[in-house]
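Below: a set of structures, written as structure tokens.
Both of the next two complexes hold chain A, though its partner changes from chain B to chain C.
The block that comes next holds the complex of A and B.
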């Protein structure tokens, strides 16, 4: 695993039993895991062990980075284990860390997948069938029209709407295109 | 519906009323141009110089003329009714003739203009789709996620600020996944079925 010098040195410190007692280690591990799953905004507070030089914050960041890199590159426990062994971690801490990583791997993965930009993602469709009878502009007998609303989800989690009208013929065209796309996907799904 | 013109409107048209038929014809041409392309200050200036009035009076007169034409189209006035109205306003016979001709010849353009000024909802033009597989991103390597990328073309029929037509339909980039695609297809097929039901056909026949 490719980790920067800063992260590596912080991890070495974390593994060192003289600097970090078992209880403190467990606290940092727990906090890092919780923050990754819940995107917690609560800052890391010192446990009052006297090391007020940001060691705890650094070790928290280093552990979080380790987890993220492992999930990002889809690396299993063995690579993480060997990396931590290189940092002279005691076997017990390694196994605890790997266990935590495996338990929250899926959740970190889905969090990572939602970060990034993508075009509005359609999640739902509403439709309404109207009949235009008359308008203030003097238009009469427009015929049957559909009002379609597409509900979309943007990259930052906001919901958006795209509304448009179409005639029966246009809706048939739209549905034909969608069916074509579906058939194409089915074909690939069945072939592979 | 009886055709009525407000006092303000009459005042704006007062510039045109005493004019000769050819001048009125020229104004009609300018009014139709206004319908299609919007305001053109140079034309107003040249017309103002010829008639020895201010350019904004010319603009007002043209707008009043456009309003007169569109108002009568909206009220679905017949040729004779329109002619009667013009004569009652004080236009000469020839001028009224020219105006009535403009009115009847440009009916489709006037109807389009009215449609643009009315309730506007973007109208569907086209949907292009593309089947992609997402292989990786900055935050997550080694993915294999199927995606459908779609380009939805919508024609908003909106006028630009100066009243002319917007030529290009707007294009929206959207995406979805296979599950949502089949859900969307199912829902819209249901919508198509609704138009073919007995209930819907009954209303259609009733209102035709």
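The block that comes next holds the complex of A and C.
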């Protein structure tokens, strides 16, 4: 695992039993896991557990970063164990940390997966049938037209709208193309 | 009943789609015929996949692994049931994996991070900073809020990794808080002492500032300034003043020297231009001089020759003629010498061309032979593989089946068939001969009858008995003719009877009656179901 110097030095400090007592270590570990898995809906109390020692803050950040990096590169406990052994951690602390990591791995992973930029995708459709009685384009200027509103969902739960008007032929063309695309994906998925 | 009909129709359609050559409909499944059904089953059994497992021996490199993983994920997400979008965030809360395909993009957030730089070590902090570090430092989540913890930590870690890459330090240096910068210039002059060792003060201030730090000469100056800021204030001011004076002096000197340099370069340019012009002029003058000298020489010689003009003219004319003769002679010699050499040259060219042609032919033959060789090698390899395959097949074939039994049976059957064919041929030949005899006999009969009739008719006028004989013969002929016809008709009728018997047997085997009964029963049932459905609708 690729850790920066800052993180490595902080973790070394954290693993050092003389500097860091067992109780403090457990507190730091607990706080790190709680912070990582709790959703953002819990109001942040800025005063609550507020002021603490600078080393605790450093090690908390370092431990959290270790967890995040481990989940990001999908490494199992053995690699984490070897990394922590390089930093001269006592064995029981290593096992505790790995246990906590495994317990909250899925949730950290889901939070990591929810970070990202995605294009908006369609969730709903409204349509209105319009009729042009006449137009300056001559004989073919009239006819039935559809006014389509596509409701899209973007990241962070926002909704957007795409509106356009098209004739029946164009609408069926669009639908056939969508069907072709879905068939293409199905063929690729079932091809193995 | 209707469901059975529909199911049978769909199965029949599927069988047709697979490619069954015959005609198959719902009737062949609901009211089956033995032979037809057997044919359908044989066809379907042939279509079943073979027993050999398909061994995928693709190389398991990363690309194929990634592709397989992508296919698996796609197939999985295609099997998801559709959840209406306003229910998706609810499902998201109770799930451990936040996948975009299942839950839409409602829960996704952009990568929004806040800047977070961790507090470095505490060895070179001012007292105020130390106090903050000991008593008032807060953890990441308290500073940034839980929403941004993950993204900010990722960003901060990436920045740290970048910085480590650019400015590699070891752990011990990190802990000591000092780094030994290699000096940016190698010569030892003008190196102020304070720029060699840079304190960590500029970086410990990062908890209060949020600027990125890249290594620069500017930081040297910053370090200098910072350093001067921490020592005593008064001596520092004096040093500053002195340094400023020095700097201004040096700058004015630099300005003066620059002006001088400019002047001298300009003068140099002018001088070089002048030099070039002079050199050109000199060259021209020399050329003119040479021409004049040549002219002068010639004029002088002519002047010398003029006094004895006559003899000189004659001498010159003789000399001219001599030189002309000489030239003619030399020309001839040259021609004489040139010819054989030219012939030799043309001969050698011919030979060279011939050799080229032969060379190309040989090359062509070589390529042909090489191709033949390749083809033969391929052939040999193919045959070897075929041989190996056949050997395997032969070895894997079951050897303990007694082939003699089968061969004996086959030979017996073929012998029987041959004998039967012979008998049939014999019967046919007999039939034909009999038919021919019948034809000849009937022909003979007709002719004799006409002859007898004729003679009897002639004699009939004279003799009463002959008239009776004539009438009797006619009657007998008619009766026999009728008998013959009746016999023929009975023969045809018997043949028809046998044909009809065959057809009846065939139809019987189709069990049409039973099927009709079944059809009637089913039709009644369908009618009942339709009526009940109608009632339900009403």
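Descriptive notes on the structure:
Basically, the second predicted complex is superposed on the first by the 127 of 192 C-alpha atoms of A that agree within 3 Å, B and C clash if a C-alpha of one lies under 4 Å from a C-alpha of the other, contacts with A are read in each partner's own complex, and residues count from 1 in each chain.
In this section, a contact is a pair of C-beta atoms (placed from the backbone, for glycine too) under 8 Å apart; a residue touches a chain by one contact, two chains touch by 3 or more.
All figures in this text were calculated on a predicted structure; none of them were measured in a lab.
Contacts of A:172 after superposition: chain B is touched, whereas chain C is not reached.
By the document's definition of touching, both partners, chain B and chain C, reach A:109. In the superposition on chain A, contact of A:61 is made with chain C only, not with chain B.
Applying the stated contact rule after C-alpha superposition, one finds that A:185 touches each of chain B and chain C.
In the superposition on chain A, contact of A:123 is made with both chain B and chain C.
When both complexes are aligned on chain A by C-alpha atoms, chain A residues 72, 109, 112-113, 115-116, 118, 120-121, 123-124, 185, 188-189 touch chain B in the first and chain C in the second.
For chain C in complex with chain A, the residues that touch the partner chain are 67-68, 71-72, 74-75, 78, 85, 89, 95-100, 104-111, 116, 118-122, 132-142, 145-147, 149-151, 153-154, 156-157, 160-161, 163-164, 169, 171, 174-175. Of all the residues in chain B, the ones that touch chain A in their complex are 73-76, 111, 114-115, 117-119, 121-124, 126-129, 131, 137-143, 146, 148-150, 152, 154, 172-178, 180-185, 187-189, 191-192, 194-195, 200, 203-204, 207-208.
Within the complex formed with chain C, the chain A residues making contact are 2-10, 12, 31, 35-36, 38-40, 42, 44, 46, 48-54, 56-58, 60-62, 64-65, 68-69, 72, 106-118, 120-121, 123-124, 153-157, 185-186, 188-192. Residue ranges on chain A touching chain B, taken from their complex, read 71-74, 109, 112-113, 115-116, 118-125, 127, 129, 131, 133, 135-139, 141, 144, 146-148, 150, 152, 162-166, 168, 170-175, 177-182, 184-185, 188-189.
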